[in-house]
Each structure stands twice: as C-alpha cells, then as structure tokens.
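The next part holds the structures, each set out as structure tokens.
One chain, subunit A, links the two complexes that follow: it is found with subunit B in the first and with subunit C in the second.
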Partner chain A sequence: MEPRTSLRLRGWRNAGVSVGMVVPAVLVYVALLVVPVGYAFYYSFTEYNGFPTRVPEFIGLENYQTVFSSDDMTGTMVTTGVIAVIGALVVNLAALGLALLLQKPNRFNTFGRVVMFYPHVLSALVVGFLWQAILGPQGVVNTMLEKVGSDSLPFLSDPNWALWSMIFVIAWALFGVQLILYLAGLQAVSTDLLEAARIDGASRWQTFRSVTWPSLAPTVTAAIITSGISLLKTYDVVVSLTGGGPAGSTKTLAYQILAVSFPERDIGVASAQAVLLILAAAVLAITVLVIRRRAENDAESIG
Partner chain B sequence: MKTTANSPAVARVTFLSVVCVGMLLPMYLLVVNTFKSQQEILANPFTINFDTATFEHLANAWTNPDFNILKGYAITLALVAGVNALSIGVCAPAAYVLARTPKALSRVILFFFIAGMFIPTQVILVPVIFVLRSLGLMGTLPGLILFMTATTVPFTLFVFYGYIRMLPRALDEAAAIDGAGKLYTLWRIILPLMRPIIATVFILNSLSVWNDFASPQMILGPGSGIYTVTTGVYAAVGQYSTDYTKVFPTLLLAVIPILAIFIVMQRHVMSGLAAGAVKG
Partner chain C sequence: MMSTHRGRTVRGGAAVAAALSLVLLPACAAGGSSESSDGEIRMMVNLTDNLDQAYWEKLVKPFEDESGLKVKIEGPTGKSVAESFPQQLAAGTAPEVIQSIFPDDDTAPELVDLSDEAWAKDTPMFDDYAMEGAHYAVGVGTQTQSLIYYNKTAFTEAGIAEPPKTWAELDDALGKLKQAGFTPMQTAGDFQTGLQLQQIYHPTLNQEHPKWQAKVAEGELNVGDIYEPAFQLYADWISEGHIAKSDVGLSPSQADGNFIAGKVGLYTNGSWFAATLAQAEDLPFEVGVFSPPTEDGSAYPGPQGATMANPYMIRQGGGDEDGAKQLVEFLVTDPAAIEAQLGSDGVFRQGADVEQSDVEAQIQTILDDAPELVAVGEGQGDVRLPVTGFNPKLTEIAQSLYTGASPADAARAIDQWIGSSS
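Right, the complex of A and B next:
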C-alpha cells in the first residue's frame, strides 16, 4: 500500500470518528427539540384532535384567528406579557440593588446571599403551594389579620390582586439567581477604574453611572434575557398558587396550552399558542441583543 | 472600642436583615406548621406549642397512599442520574470535536444548538408527546429522560465547547503523535481536565431536572403510575390545598433532601451558577 493512500484512509477514518462523536448529540437534540418545534409550526396550521387514527386537516391561519379573536386567549397573552415585563423589571432591579449591597465578601453578606438564593433550589410548584398557604383566603396572613380585628385581604381571591400576588411570589423565588449573576458581574468591574473615580472625587452615583454600570452591561443583558424567558413560560406557579383563577386573571399562555387547549384535544390551537410563545422568546432575545450591540457601538464612538 | 457604626451602614444591615427575614419566613412557617393540627394552624400560624406538637401529620404524609414519597425520591434521583449521564455523554464528544474544528461548519452547528436555549421547553411538550408516542416511549421513564436530556443539550454543549476551547491544543497534538485516537484523547486527556465544568453542568442540570414539573406531568401522566417528587406533591396536595395538615408536611418532605444538599454544597451551587452564566 502506498503511504499516500494509507494517509488518506486514516484521514477518512478520523473524519468518520469525528462525525460519530457529534451525531448522538445532534440526534437527541433534533429528535426531541427541533422536530417538536417543527411539529408545533405544522400543527398550528391544522385542525387536529391528537387521535392517531385522524390525520391533521390543513386549515390555514384559522387557529391564529381563533387565538386572536377570543378575549379569553388574548387575555392570557396580556397576562403573560405583564408577568414577563413587570416580573423581569422587579427581579432585575431587586437583584441589582441587593447585589450592590452584598458586594463585599464577609460573613453577613455570604449568609445574605445564601438566604436570598435558596428558593431557587425549591421547585416552583412547591413555592406556589407554600405561598398559597400563606396568602390564601384562610392562609397565614389573613388569619393574623382577622386576629387583630382587621378585614382579610383578597391576595389570591380578587382578580385585581391575584396577578400582582403571583408576580410577587415569582420574584421572591427568582431574584436570587439574578443576584448571583450580578455579583459575578460586579467582581469583574475594574478596581483600577473604581479607584480612579474615587480619587477624582466622583460621588457614589457618578461612580455607579460611569464605571460600574457600563462594565455590568453584558451581565444585565444575560440577566434580562434569562429571567425574561423563564417568566414567559410561567406554568408551575400558576398550577399551584392560583390554578389560573380567579376568573382566569392569572392564566398564562403556557398554562392555557398545557391545562386548557391540550386537555380539550385542541392540538391546532395549542400549537398556535406555542408558536406565538416561541416567537415572543425569540423577539425578546434578539431585541435585547440588538439594544446591547447598539449601546456598545455608541460607547465605542464616544470613548 | 471603636464605634464605627455610621448610619448608612446601620441602614444597610437593617434593610438586608428585613429582606432575609422575608426570605426565611415561609420556610419557618412550613416547619412549625408541619407539627400542628388544622385548628392550631388556623389559630396561631406563627407559634408552636411543644406540648401539643405531633409527628402524626408528618407520618401520614410519609405513608400517603396517593403518593409514595420514598419512591418519588428514587424515581427523581434515577431521572437526575439518567439525564446527567446521557447529556454529558453525548455533549462532551460533540463539544470536543466542534471545539477542535475551526471551520465555518462547526460554527453553524454550534449556532444551531445555541438557538435551542431560547426555546421555552414547557411549551413544546404537546408535539413532544406525539414524537414520543411514535417512538413507543410515551408514558415511560426512558422517554422522559430522553426529552429532558434534549432540553439540557444546548446549554451543556455550549459551556463544554467554551471550556475545551481554552484547553491548549498542544495537549491533543502530543497525544496524536503518540498515536492516540480522538476518543482515547478525549477519555484520557480532555475529560479529566474538564472536571470543574462537568461539576458545574451536573449541578445546574440536576437542579432543573429535580424541580421540573411540566415535563413529568405531561410525559408520564397520572396513568403511568410513575411519580416524581413534583408530580407526587401535586397528586397529594393539589385537591386538598386547604387541608394544611396535608399541605405543610408533604411540602416539607419534598424540600428536605434538596435543601439539605444545597446547604452542604451551597458554595459550589452558587459559584457554579455564576461560572455557567459568565460562560453562557
């Protein structure tokens, strides 16, 4: 055998091994994540009840019309949007503010970080049940209010209150994660620059505005995207805290898909709703990335 | 003795202490009310009277016929182990190959995977059910493990890719000169160096698998009779959410293992999360 062919043979074999090492990951990912997304798009244009004996029937955009013309379903989209936007705002403001207060590594601050982070290791379902026992009509808070002779408060039983109660509970459980992200980001802020600002006599706010905040930008982007996407798919807390009520005021899109459209065997509508949520997540991620890119370009052109 | 207590510092500590109390109070309520009767809970939710405290409700929750909690732990642990083994097993070789092929193709493949990080996974469960059904895996533990693995693949692969890129190529070149193949190099040289990042990925993926409710609820379903900790809690508490002698003990049993692990490993969990975020 000539040396050249043996080399080529070895090259082919190496390439074969390389492909073989990538394929399993591709297979799992494609079969159970990419294909289902494809199916969601496909089913969203069909009428289908999910029975294996029936073939999905193409009906164009009818499912999307259904979704947008029903007040109930547009309501779930508004609720989801409010949770994502207000929730992300509350979570990130709380996390950033507390990260600034907990920056210095000492025992008290370490304790504070652990205490603020721990709800993240509990499942959202458990958090919801726990807060239901606290805020519910017969819950801990209302029991105490009645004891001191005050009227009970409808945290979870009034449609105007329930959504805000739910956002509070989600923020309580979620902000610890973003807190850790901001603490990691703050560690990366250049101590030289902070020192220079101090020598120049900058106030705390000035230092934050022109030194800390610009170097935190990548962290802020990551924190907003991750919290926004996890808020968009809010489901577990709805199940355990409110069950979507009262009067559907806390129904999110994910809850509508899994607890209403799917059990009603309305696969077409469930898929249309899934597609809308996937698009919303994509728009959110792209928007934040574009804003960030633009801010970076501006910063470069100034400095 | 120096009195350095200036008022901003006092305000800071006071404020942080109030926040800490707000974070811990639900856990305190969960613990004290586990050992009380319904009347006592409704009369005095904040205090515990040690003379009337009882383990009766905790024992009832432990032996609940709706939800065998020990079996729930076992199944959830099997799930965590299965998903981690499969996810790390398929992602490490793929990330290694991609990190060592500086071609346009590897970039495209990586981007294709990263896009998966932005898919809200709960939302595609309905089509996932049809895919699993056609594979004959619907309602089974392997089906659930396969789907959960798929949801962890984008993050795992991305983080591994970033880490392997930082390892010097000279390492694999030396191995190649010695005649080692790609798999052998990965197994003997790259994987041992990846220990810290594998630990990070293991912790983060384990947390998300342990706490997931939607996937086991939809894929296993009540018909399969297989309950994880979360779906079991839902089965045990869901319809009885005003019977606090069921709610508090069941929730306590559900959170004790994960909280215990967290308290022991909190430094690793939190630094792992920060590291994952910086890489992500």
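Right, the complex of A and C next:
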C-alpha cells in the first residue's frame, strides 16, 4: 500500500515539475505568437486605422479582395516570391560551395570563414547603403566603367537590374549564417563513410553525391527554410538600397506592409498582407519539408 | 517505424513553428512605452543632413534649462515621421510632440486642438491648416516648394540670357545647356522624383485648377487628367536626354552634390535647398533661383506651393500634455528658437529680422511676388485629397516614366490608385 502511494506521489511530483517547466514556454509562445497572429487575423477582416479612438469595423473578406485585385499588390507578392525562391537558391549554393572550400581546419580557412561571415554582422540598412554607394548610377562600379570608357550599367535604375541587384545584395548579406550551418553539417559527415568511399576509389564528385550530400540532408532542409523565411521578410535592404524603386519594381510584401499600408493607415489591408506572409512562410516550410523528406530518409539510412 | 514517423511530425511542426516565430518576432519586438518618465517630453522629429540630433538637442536646451523639463529627441523608427507616427499610435508608443507632419482625418482625433491657445494664433499659416475650424498644427514659418535653382555660369556659357518663363522657353534652355556640355536638368530617385515633378508643375496646375485637391475630393476632377501634361513634359525631357534615365537610381544627396559641383544647369527643389547651398560655401559658380515656368499664355509667376515650416502637433492623452504645450509654445514663439529654425532649413517668415544669403534673398522675392500661396501634394487643412500616401505613390508613378511607361499609363495608374484608396 505504502509503495503504491509513494509511486503516486512521485508521479504527481514529476508531473508538477514537467508542467512547471512547460508552462513558461507555453506562455511565451502564446504571448509572442498566438496573440499577435490572432490579432492580425482579426484585423484582416476589419476596416481600421489602428488608432485607439477608432473601433475596428468588420468588413468580411474585403481586405483580401483588395489585396488580390490590386495589380500593385499582386506584383509585390510576385517580387517577394522571386526574391525568396531565387535568393534562397543563390544563398544556399554560395554557402554550400564555400563551406566545401573552407571545411578543412587551417589558418587560411579560419580567416576565410570570418571574412565570409562578416557581411552578416552588418545591419541590413548599412548593407543597403553600402551597396547603393557601389552600384548606384554614380557608384564605384559605374565610375570605374566610365573611366575605362565603357557605358554605365543600370544596376539600380532599371527595374529588372534593380531586382537582381537586390537579390545579390541580400544573398551577400545573408549567406554567412547558412555557411556556418553547412560547415557544422560537414563536420557531422561520417569520416568512416568518407574513408570507405576513398578506399573504394570514388572520385570527389562521387563522394560528394553519394556520401556528403545525403548526410547533409537535414542541414540543407534547415538552411533552405531559414534563408527562405528571411528572404520573405526582406525590408531593411529595400529601404536603404532601392526604396522599393524604380517605379515600385523592388517592393516586397514586408516593405508594402510597413512602408505603404501602415502609413496609409490601412491596418486591415496590412493585416491581410501579414496573414498572407505568415501563410507563405508556413507553405514554404511545409513544402521544403515534404520535398526534402526522401533526402532525410536517405540521410538517416546512411547515418 | 512509429518513432521515426513521430520524429518527422515533431520536426515538421517545429519547423512550421520556427517559421512563424521568424515571421512574427520582429513585430513583437518593436515598441516601447507611450508614457514618458517624470519630467520628460518625447518629441519625434525628422532627422536630416541639415537638422540632425545635435541641432534639435541644442534647439530645446534653453527650454529644458528654464522649465526643468527634459526633452527626449527621437528620430522616426521607420523611414520617416509620416510612416512612424501611425505605427506608434497603433502600438500605443507615440510621443507627446510630433514634428514635420500635418494633421489629417485619421490623426486629427488623436491630436490636441490648439484653437484656444493665445500664443498659437499669430503663428504662420495657422488658419491655412485648420480642419473644420480646429487647429492641430503650429509652425515657425513658410517653406517655399516650387523653385528652380540654376547655375548662372552655365546659363552664360549656353547663351541663355534670362530664366525661362514658359515651357517652350524652358525646352529651348534645356537644349542649349545640353549643347554647352552641362546636365540640363538634375532629377533624383527616392522620394525626390515625385516631389520635383510636383514642384515644377505647381504654378501651372494651380492656375488651371485652383484648390484642385478639394475638387478631386468632391469628384469634380481626376488627378490623372490634371497631371498628364506634367507626365508628358517629363516623358519628353527624358526621351530628349534633358533628364538622365539613370537619375531614378540616384540618391537625393548625390543630386544635390551634382548641382553644387557645377555640372548641372537646372535643379528643381524647395527652399530648404538654400540651407544646403549655404553649408557648401565656396561654390564654383553663382546660383540663381526662379519660379517655375507656366503654360504659354498664362500669368507668370504662377501661384507658389507653400507649406507650414517646422510644424508641431501634440498628441492627446500623452504623458505630459501641459509640458508638451509649453515646449511647442517655446519652439514657435521664442525669438531665439525661431531664429535658429529659420536659418536651419530654408524657412521664411514675414517680418523676421534674419540675415539672408543672396540665394535666400532671391527666394524671399519669389515668395513676395507670388500671386498666391497654395497647398501642395495631398493638401492641407480643408483643401485635401481624399487619400493618404499621395506623395510616395506619385513618386512611384513618376519613376515609371523613367522606366518606359507612357504619360497615359502614368495618368491611369494614379487614378486607379486614388479610386482604390479613397
């Protein structure tokens, strides 16, 4: 009888400890995630200027209709999608390539890793201003081109050039984190497997394709999701590099929310755009996870 | 098998949760407190090259010394005060005093009506900004919006005797400046593209359509129709090479620099550019200023676009409303504070005894000769467009002229936006 009571007490105590440890995290999660998402979702069905003296007026799906019927906003969503997809590809290819080059520990590679991570330490606003000074019509590159008698290039004054310039700049600023992820992932690749491949006479490419790449699968998944989501939220670089121009060609959804809809006091529309951004992030994460599932299975099987 | 599946599900859920956190956390991180600590008044100002943090702190120092109140100068948390103030109001973190923007239908209920304040009644343009009899903004003077600065040396070398008074004369002058090897007309990207287009077109537009903002609000006019001639002028100048297409990627400060360096013939800008010129000191040429040309056959000079300079507004229900009123009263009535503000950013005030540079004296003459001072952009007081965000949108549309859009496309785009945003 006594041991059973003692067991029950111990069970309650363990449960209490578990609840005590989980509750603060749940509260933080609810306060920082559930409540803001709930508000954004609610406001997205209202007409509201965001000011305390006004009461939000329920208008159903009108804000979503506004978002999808406006060429301006659909153009912004397409631009955001292009930046997220192309940017994620560029960032991850660059980061993986450099990680493979810098994976062996020696002084040069340590220096290289620091240099490559450095852009990420800079504020995104500073990065934008820096590249504005380099790529602008009177920037360093165009001044040098003029000096050698060549025509200047419209890095920031042509809509297509400006978009590609911005993707390049964001990728430059972002890939440091992905580089660290890939370097960590490469450290975890089994040396036994690499040695076995070498003994079997596999070439470098064969070793990469059959051993390194499958082993990196979870890292690739995490790197693509985190970089994709960072790119979806692109705002600061837009502000300082292009200001959304020329002619609105580099406006992202985050820029549209913060620099256009909020100042225009369209809290309902801004919230609808924010909800779409959250959904886009979720869709991106789930899609990448689903696509990468087979690769992760392979990784588990060889690990 | 089962554990593997559960592992995947947990990993997937965590990834989605991580995704949501990354999207949402910045929104939660912003903010602060709307309540000031005791004896502190928060004032949000636009920080510029001319009006930096040190300038503002020096400006309010005598008030702090005399009143014992502390003034905390804050720059905008976003791109500008216009962008940051609504965000901070919504977040409950707006400061007590807001500088550089004007009241509108949305913000008016959040602001203190200064109509009964005796000290406010004689401030410049006080009644021009009244909304249905209520006064929410007080300022220090007037900023002239529609000016064209020109390089007198370039004009002489190009054989131009007088500043142009009609669009035809301006076309002719631009051609001669180009032939003489100067950049005929300097424009810029960012906010300045739309601003310059409005500045050069104000005198013509306001002769043909006085109080056009109110007429648009009443449905009597379309913005696209009345701005299409301006879009056409710009499109022609771009196609003739009088305006460089690459200007659309140029920062306003670089454009200022080009004019100051003497490479440019004409540069449309507001009276605040006089302060930039004064800071530049020894210029390699003499600067002239004239009111923009008007349509052939109409009066010259035309009405001058003008705005209240250094407007201040007080938020209702702020931590220390009385202290905020004292601060604003000091800023718009104290002689030393007024003098400091007049000299800082091309601000003009009738009867002010301030030493003027040659350029400022020319601007004062233009201001005195203008047949009328008119509302610009979205408008002011009761003469306003039925939309918020007109200037950034017009900039976007003006920039499309540089990237190949036709004037008709531009006119259609602004009307579509007005229609969907009204």
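For the reader, a short list of remarks on this structure follows.
Criterion: the second predicted complex is superposed on the first by the 260 of 303 C-alpha atoms of A that agree within 3 Å, B and C clash if a C-alpha of one lies under 4 Å from a C-alpha of the other, contacts with A are read in each partner's own complex, and residues count from 1 in each chain.
Operating definition for what follows: a residue touches a chain if its C-beta (ideal position, glycine included) is under 8 Å from a C-beta of that chain, and two chains touch if they have at least 3 such contacts.
What you are looking at is a predicted structure, and each value in this text was computed from that prediction instead of being measured.
Partners subunit B and subunit C clash in the overlay (superposition on subunit A). Once chain A of one complex is fitted onto chain A of the other, the partner contacts of A:157 are limited to subunit C, with no touch recorded for subunit B. Legend: residue contacts after superposition of the two complexes on their common chain; A:289 is shown touching subunit C, with no touch to subunit B. By the touch criterion defined above, A:258 lies against subunit B and subunit C together after alignment on the C-alpha atoms of chain A. By the touch criterion defined above, A:60 lies against neither subunit B nor subunit C after alignment on the C-alpha atoms of chain A. Of the two partner chains placed around the shared chain by superposition, neither subunit B nor subunit C is touched by A:149.
In the superposition on chain A, contact is made by A:36 with both subunit B and subunit C.
In the superposed model, A:201 makes contact with neither subunit B nor subunit C.
In the superposition on chain A, A:249 makes contact with subunit C only, while subunit B stays out of contact range. Touched residues of subunit A were counted for both subunit B and subunit C, and B has more of them.
Only one segment of subunit B in 78-86, 222-230 or 258-266 runs into subunit C in the superposed model, and that segment is 222-230.
On subunit A, the surface touched by subunit B in one complex and the surface touched by subunit C in the other have residues 29, 32-33, 36-37, 50, 52, 132, 136, 138, 222, 226, 229, 232-233, 239, 258, 262, 267, 274, 277-278, 281-282, 285 in common. Contact residues of subunit A toward subunit C in the complex are 29, 32-33, 36-37, 49-54, 66, 70-72, 132, 136-138, 152, 154-159, 162, 221-222, 225-226, 229-230, 232-233, 239, 242-249, 258-260, 262-265, 267, 274, 277-278, 281-282, 284-286, 289, 293, 296, 300. Residue ranges on subunit C touching subunit A, taken from their complex, read 4, 8, 11-12, 15-28, 78-79, 82-83, 86-87, 89-90, 92, 106-107, 109-110, 189-191, 193, 244-251, 254, 258, 387-389, 392, 395-397, 399-400, 402-403, 405, 416-417, 420-421. Against subunit A, the residues of subunit B that register as touching in their complex are 12-13, 15-16, 19-20, 22-24, 26-27, 29-30, 33, 42-43, 45-46, 86, 89-91, 93-94, 96-98, 101, 109, 113, 116, 118-128, 130-133, 135, 146-147, 149-151, 153-154, 157, 181-183, 186, 207, 210-214, 217-218, 229-230, 233-234, 237-238, 241-242, 244, 247-248, 251, 254-255, 258-259, 261-262, 266, 269-270, 273-275, 277-278, 280. On the subunit A side of its complex with subunit B, the touching residues are 14, 17-18, 21-22, 24-26, 28-29, 31-40, 43, 50, 52, 98, 101-102, 108, 111-126, 129-134, 136, 138, 140, 143-144, 172, 177, 180-181, 183-184, 219, 222, 226, 229, 232-233, 235-236, 239-240, 253-254, 257-258, 262, 267, 270-271, 273-274, 277-278, 281-282, 285.
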